[in-house]
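I am attaching a structure below and will ask some questions about it afterwards.
Here the chain labels run A, B, C and D in written order, and each chain numbers its own residues starting at 1.
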Amino acid sequence: MTPLIEAAHVSKRFVRDLDYAERIARFLGADLKPQTVHAVDTVDLKVMPGEVVGLVGESGCGKSTLGRMLAGIMPQSEGTILWNGQDRRTLVGRPAREARLAAQMIFQDPMSSLNPRKRVIDIVGEAPVAHGIVPRREKDAYVAGLMERVGLDPSYRERYPHQFSGGQRQRIGIARALAVKPQFIVCDESVAALDVSIQAQIINLFMDLRRELGLTYLFISHDIGVVKHISDRVAIMYLGRIVESAPAEAFFAQPNHPYTVALLNEVPTIANRRRVFSPIKGEIPSPLSPPSGCHFHPRCPHAFERCRREAPKLQEIAPGHISACHLNDTSSTQPRPEAVAAF
Amino acid sequence: MSNPTLVVENLQTHFPTEKGIVKAVDGVSFEVGRGEVLGLVGESGSGKSITGFSILGLVDPPGKVVGGRILFQGRDLVGLPPHEMRKLRGHKIAMIFQDPMMTLNPVLSIGTQMVETVLAHENVSVKEARARARDTLGMVGIPSPEERLSAYPHQFSGGMRQRVAIAIALLHRPDLIIADEPTTALDVTIQSQILAQIQALSRDLGMALVWISHDLGVVAGLAHRIAVMYAGRVVESGPTDHVLDYPVHPYTIGLLQSVAANAPRGAPLRAIPGMAPSPLNRPSGCAFRTRCSFATPICENEPPLDDAGSMAWRCFHPQARRVA
Amino acid sequence: MTAIALRKPSSDTLVGRALNGLLKSPKATIAAVICLLLLLTALIGPWLAPQDPYDLMQISIMDAKLAPGSESMSGGTYWLGTDGQGRDMLSAMIYGLRTSLAVGLVSGIVALGIGTTLGLMAAYFGGRVDTLIMRLVDLMLGFPTILVALMLLATIGQGVGKVMFALVLVQWALFARAVRSAALIEKSKEYVEAAACLDLSKPRILFGHLLPNCLPPLIVIGTLQVANAISAEATLSFLGIGLPITEPSLGLLIANGYEVLMSGQYWISVYPGLLLVLLVFSINIVGDRLREVLNPRLER
Amino acid sequence: MTVFIIRRLSQSLLVLFLTSIIVFAGIYAIGNPIDILIAGDATPAEREQAIRALGLDRSLIEQYGTFVWNALHGDLGRSFVFNQPSIDLIFNRMPATLELAFVALALSLILGIPLGLWAGLKPGTALDETVMTGSILGFSLPNFWQGMMLIMIFSVWLGWLPSTGRGEVGSVLGIHTSLATWSGLTHLILPAVNLALFNISLVIRLTRSGVRETMPLDFVKFARAKGLSERRIVSVHVLKNILIPIVTVVGVEFGSLVAFAIVTETIFAWPGMGKLLIDSIMRLDRPVVVAYLLVVVTLFIVINFVVDLLYSLLDPRIRLGSAS
């Protein structure tokens, strides 16, 4: 089966060159180098039609950048993004535009993701009219229909974003994305800014829409509980790389990578009462100067010499379960991380 | 509890605005004892942070504590003259804020910000104050504390800044710490480090801790007792296990059912319908009744405070069901 | 929801928000009314003024330096006195107001147009274009406006058009900087990314989405700059390098009274000065209130 | 920090270079330079000789080179009117202008910062309203008219202070200044106040808006939670933060003061370089105008550079380099 969308060896680098003053300073002996951030470092990710892939990671791990590249907002520095098996950059004309519209995004901040100077009817209706998806005279009815679908009262369509609550604004953002009839939606921390009770409503909406419209999602979140609830497959990123990916059941039942294990252990859950926190040590390294070899080695309780030298490759450890850890190559002499009870 | 460190009784903090009086806190009661951690839980706008600021007398004008009592070691803090209040703040009662990037003054060194805190309450030499600052920095797990004293906040990561803020709170070994979502802005692994630190410190130093949070998971792991707030009131309180396993108030039940991690994978979540009422225009009686599936006409009246053993709630239709 | 219902519908649009805010402050309302009255006076000035002060047939040197309230040779009353040539001060002031307002408004609006275009271009294209435009802006703003205008006029000479040119030259950079920084902030917001994701055209994003969100600082700076331009023109004219003597603005009228101020004929300087202050003060009060209401973060 | 200095230094040099080109273009390229550089009553033979002597028959680039070379050696031409090097004229008049500008700057800081703090700490009160309306009036008053009114009131009507000229100049610590004598002081008051009024208003507004933006920040609340006195919070935490923008703007405004001294000096017949400039423009004494422009531009560049250094010293985020 062809993936709906696939990232093949995709990287994103942000390079900040030295300006003239810094070059003079370096000439005079200052220790300055051009800064390169490997926000996303040679990532492979396939999303099958109808699948929900959860992408988990801490801040600065590159999960949002990867999502933006898949949504087509940001060009990749290297690698290919395949839409239905075809390199998206080779598409021209009508198919290119259709592919662009078919991938949409729902953002994190329900306030800044809506233009404050536009009414709901224009926020939702502008793009479908501009692209000829609906004739201008049907815009009103079309927007009303979308608003109903996402659970908003259509009589509010003349209102401005500031007149809605956070949850309602997120619904407007969803209606805006649905208006161009997408097949694939990137949700970038789309429920992170909402209260728990509102979060539940929006998650339910996502799942309803998936069932009714056959949508495919990339669900980016730092909230493992939400990801576990909604995803068919989970991928976990650390400093620009995917370190583990597996079907959700296997991912939570038998996490393999020490980082995954640490993360799952440390997420506070309601089931874990009065527990003793046993955090992994160290700070999240700056993506400006990631550690050598396996990026996780300075914080890893099982790190050994090879981890410092060599970056582990992703390899399949069970059907559909891939992980990038040198421990998988060694025999049982190395201690295995313990699976967790909470998830 | 025989001699609680802090007793809050029917606290009311109101904000007069052009559009009417915002009753941000409208009848909050709870107590915390020595060495105890109370989790004060609620969604945004429930009044949990304002409660915290009310205890320290730090409510921004035009907000004002208009009713109730705040008994700290038996002494009522409501109506205490400002200079008396100032003597307690940072000395006997300390606070930790939510956003570690914003709580430290960017143009003053860490040392300055710590030393001034020591000198504000104790008549010691600058040298002594600096030594105390250094030791406290070490206590919260900051490496090479002596050098770090001359550093500025921008040279620290978010997690480290929060440790510095905690160290400042601990400088005088306070009897009570109010922590207002201090780990919300942090990543999971860093949050876990801070939680571990706080847990050890509160156990070792025996202070009372009020931990304000929207995250039930964090509170579950840390708190001895939980108080759940909705629309300016504590609607339910009790020991952590009781509140999380056998919640009584329909709001608590709804909140726990909304947490995705609690529900079976892929099943629709049993979300609370609607949204929290505007603080300007809360329903009469029980503020939750417009979203509550158990509501009856009686809920238009003020629900009384009921209790059974260590549990207390404000509801005409208390439920008894296992959620988790 | 109820909080929402309380809002007046007019506060949704920028103009509605500005008007609502103005009307809430009695001080700003009075100032705005004064501005409108002065504008009206300037518009219908020739019909309002007792005499045409520049028609030599209507003035007489015999009436020179008459105190306020004096009677003219022809029987009328000079309510505000006459100047050294025997012109009715009131009429001269009405004509002066016309010139001052025209210079201020025209130069302000032209500067706004040029500055906005360049600022948006800088923010939108980035890179070299941005660097070039912003270096120019820095250069312009690095020098006090009065000095730049003074030097320019000392080189190219006097005239209404030249003064306007000088004022546009010293003002456009302010607008360019404000628009650019507002546009850069807006550009980083998610709604712009959303518009790009929806494959909307670049001009549509730039003018339909970005520009409307950059308007508040422009309105505020625009208002304050009109006041500034009027003041600057008066200063230049006072120094004798602004407007020619044939088209006197309020500044030139004040200058005419400078020599005789010490000898007691205060009215020739004081009244046009008061009118100038009233005009500039009122515009500034309105501008200040607009800043508070529209709340763009500006210095001063 | 090094990078910062290099960047500012190179920018300054660029501005100086651009200005020299503009000035050069202004006198050499537009119009006939002979009219500018040679007195009008010269005979044709004298003109020929002067053209060769001045190198006006050579290429523009060569001429620019000569211009810069001479300028660097302090040769900016001779004044037609005074028949002496124009640079000497400027330097003779400069102390009077700088004195005026410095006193005005001091006045605006001494009056502006406290008034701004006062208004900013009590927003919305009658006091705040008065100070703010006053400051709007302050920068609405046209400088020249305001000067005339000061003369009319304090010299003509009340007869308290002299209206024009500079009084006796005394010497303090080797600096010649009007501040050292009574007559000098009385002559200085009106012009200095006139020049300062606009800037007082500016500093008031800057300080007030700084205070208003800083007071609600978390670190101020945290400082209160530490138990610091309000006095220390305002005088250390808030003031040090708003001093950074104030220093920047005030530095730039010093340039403005020097420029606006042109107006004040004209009205009060203050013998500074601004009055010299206006006189020279009126008498078409162009070498003096050119010299004034280059000297003032150099002065501005030096001031801006010093301000940048000061700024970077005040702000640890620049001094130590940003962490993120």
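In this text, a contact is a pair of C-beta atoms (placed from the backbone, for glycine too) under 8 Å apart; a residue touches a chain by one contact, two chains touch by 3 or more.
All figures in this text were calculated on a predicted structure; none of them were measured in a lab.
Engineer: Can you name the chains that touch chain A as well as chain D?
Structural biologist: Chains that touch both chain A and chain D, as defined above, are B, C.
Engineer: Report the pair of chains linked by the most C-beta pairs in contact.
Structural biologist: Chains A-B share more contact pairs than any other pair.
Engineer: Can you give the whole-Å distance between the Cα centres of chain B and chain D?
Structural biologist: Each chain reduced to its C-alpha mean, chain B and chain D end up 53 Å apart.
Engineer: Can you give the whole-Å distance between the Cα centres of chain C and chain D?
Structural biologist: 24
Engineer: Can you check how far apart chain A and chain B are, centre to centre, with Cα atoms defining each centre and the answer in Å?
Structural biologist: 32
Engineer: Where does chain A touch two or more other chains at once, residue-wise?
Structural biologist: Expected reply: no residues.
Engineer: Which of the residues in chain C end up touching chain A in this complex?
Structural biologist: For chain C paired with chain A, touching residues are 4, 7, 12, 14, 189-191, 193-201, 204, 208-209, 212-213.
Engineer: Mind listing the chain C positions that touch chain D in their complex?
Structural biologist: Per the touch definition, chain C meets chain D at residues 27, 135, 138-139, 142-144, 146-147, 150-151, 154-155, 227, 231, 234-235, 238-241, 251, 254-255, 258, 261-262, 264, 266, 269-270, 273, 276-277, 280-281, 284-285, 288, 297, 299-300.
Engineer: How about chain D: which of its residues touch chain C in the complex?
Structural biologist: 11, 14-15, 18, 26, 30, 132-133, 136-137, 139-145, 148-149, 151-152, 156, 163, 202, 205-206, 209, 213, 245, 249, 252, 255-256, 258-260, 262-263, 266-267, 277-278, 281-282, 289, 293, 296-297, 300, 304
Engineer: Give every residue of chain D touching chain B within the complex, in rising order.
Structural biologist: Against chain B, chain D makes touches at 216-219, 221-229, 232, 236-237, 240-241, 244, 314-317, 320, 322-324.
Engineer: What does chain B use to touch chain D in their complex?
Structural biologist: Counting only chain B, the residues touching chain D are 56, 58, 60, 86-91, 94-95, 97, 99, 102-109, 116-117, 120-121, 152, 154-156, 165, 168.
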